[in-house]
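Structure below; questions to follow.
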């Protein structure tokens, strides 16, 4: 059992606003992130796949396939986008680092050509990241 | 003569659109960056000040002063902002990495407590940065 | 269940000397680190908190709260300090990377506003780090 | 229980070719990596050792010993080498990142002076790495 | 006048051997790098272009064009290659970091769509790099 | 003409105190750095040598020689040291990043085997560095 991690980057903007809270609560909880014009980040995504090494290829999975899957399922719709306005799930779910990581898990978990999705790590900045292992 | 460089970070969103060009030209030239909703980056700014070492302090300038100046003149108005909509100069000037660097130069050059502004380096991503030395 | 990690930095000095060992043993075991004048590092600390995502905020905990807690409990007393002389626990415990990590765990584990402390990672240099999960 | 990680680097070249596959299959599966002249990487290796903190030294193990072990068992034979041609195991096993990590585990697991080998992490590039925990 | 830098990476292998020197001299001068099987690196290339900002685009040059030029002129022939054997100029010139940087300069200097080539920076490892400004 | 840069690291502690200033002035100017117990950093040093490429070796100078010179002239006396107390020049000169860089220049400039010392870059932290080119 080996864990293979591939890194990718995307640039997106977002803001945090919960319509069920008052404007004051939104400002207090979300601070600068409540600005409705949005602000942005260079997100760094790490996708980790667990599996056995295929003796024919010496690999858990073909990294070119994993790269293409991340391109198709994540980067195509999130890179250079305003997440709240252009990625449907984030019109009703706050696009926090936590929720983006869970959304990426959902998009990738059933589509891996080999192995099993083990972890989604998402850096919002070099100093802040989340890990999601698909645990309820 | 010593050159002292202080790094700072800010997160902002922007998009590129020149109203004097046709929509087709805008899309061709700016590609994904033409999306009017904006997208974002973690910008890394390096401010370099050149000067003589003050024999009393062993320093070119007090780094706490430089940090405060960058906070007041740059981060306060650009961090967690949509540059096109919230920083007035960028309503009429494209907020490209080049133009943001020049704007930061203008904001800092006359206000240094000691030394002379030597270089503004601005990273849009780890793979793309510009340097501006105040040259016409 | 999501794991959120926040990074912080502090600069400190330390040295290694066990008074129950002979001077020769101290020199042999600790090498250059036995120098009583001390030497220093830019420590990088990663604090990981595990918890459920709060549907109201989309977050495990308010990162501003976590940042303040690390500031109050760790940086205030360790940043710009000689650990052996200025942090009481390290007058009787060697301030190795291992022991500093355990000490930081003790200071933070009971004080988190939400979630559960999962891991303390501490880099002494980019090439050497320890992880502590609170395991006996 | 603490986990101590030490990083090391080595530069090596390799290529991927499975003699049981046809030339066409080799090219399709391995792409540019099938070039028999080889190509190279700056590999970054992280060795993680788990153990209790020795109260005499405040450490899990002497990092100088671990550094020497990695030098003797890994760097001496892999650094500045063409892995397929100069490291015997890789004449019959593909020198993929997965297989190199497993080989390094085998070389180190029985020889640690203290503690237990917990993880081998090997970066082929900053964007691609594998983790091996000795699991069958 | 602004300086724009774009980073790219490639993986290649090489070795150092000067046929006009004796085997002993080759070994003494080049050490581990004299191994004829070759060894490899993840090279990081920075290409810096100097120019005026085009008021129509806010840019010195279209970064997509620069990226394509580096792909066509450098990466196509050097990435995943054994430089001594597969890049003709390096059959007679030692593929040192210095000489590779000069070769990249020659390939790019006349082909920029806008601006003037200012600097080629080439990292062999994170701890060793060269800069070439086209000076004789 | 090529510029070759080699990086090295050392860990040291220091503090800032000018005996010609009052205690209050020392505290105001140097803040946390005025703590007489000292605090420390992982310094990163970059030494840049300018020179012509030797056609026999393809190099400006033998990097092994440069590495040894930095070891002998800088690391031997500064690594794992309290600079104020253990490096004589810093008993009378403040060991600021600026002054350490100038001191390293003086130690290396006359001793290079080939080429000419071009720049000393010294990082105190990843966010603060100085450059010295030997200019009066």
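So that you can tell them apart, the chains are marked A, B, C, D, E and F in the order they are listed, and the count of residues begins at 1 in each.
Convention: a residue touches a chain if its C-beta (ideal position, glycine included) is under 8 Å from a C-beta of that chain, and two chains touch if they have at least 3 such contacts.
Please read all numbers here as calculations on a predicted model, not as lab measurements.
Chains touching both subunit A and subunit D: C.
In the CA-based superposition of subunit A onto subunit B, the rotation angle is 180 degrees, rounded to steps of 5.
Relative to the C-alpha centre of subunit E, the farthest chain centre belongs to C.
Of all chains, D has its CA centroid at the greatest distance from the CA centroid of subunit B.
If you average the CA atoms of subunit C and of subunit D, the two centres end up 29 Å from each other. One simple way to say how far apart two chains are is to compare their mean CA positions; for subunit B and subunit D this gives 42 Å. Multi-chain contact residues, meaning those touching two or more other chains, occur in subunit E at positions 126. The set of touching chain pairs reads A-B, A-C, A-D, B-E, B-F, C-D, C-F, D-E, E-F, using the touch definition from the header.
Partner subunit E is touched in their complex by these residues of subunit F: 1-8, 48, 53, 56-60, 62-64.
The part of subunit F that touches subunit C in the complex is made up of residues 9, 11-14, 32-33, 35, 37-42, 79-82, 85-86, 125-126.
By the touch criterion stated above, subunit B contacts subunit E in their complex at residues 16, 18, 20-21, 29-31, 93-99, 101-102, 126-133, 135-136.
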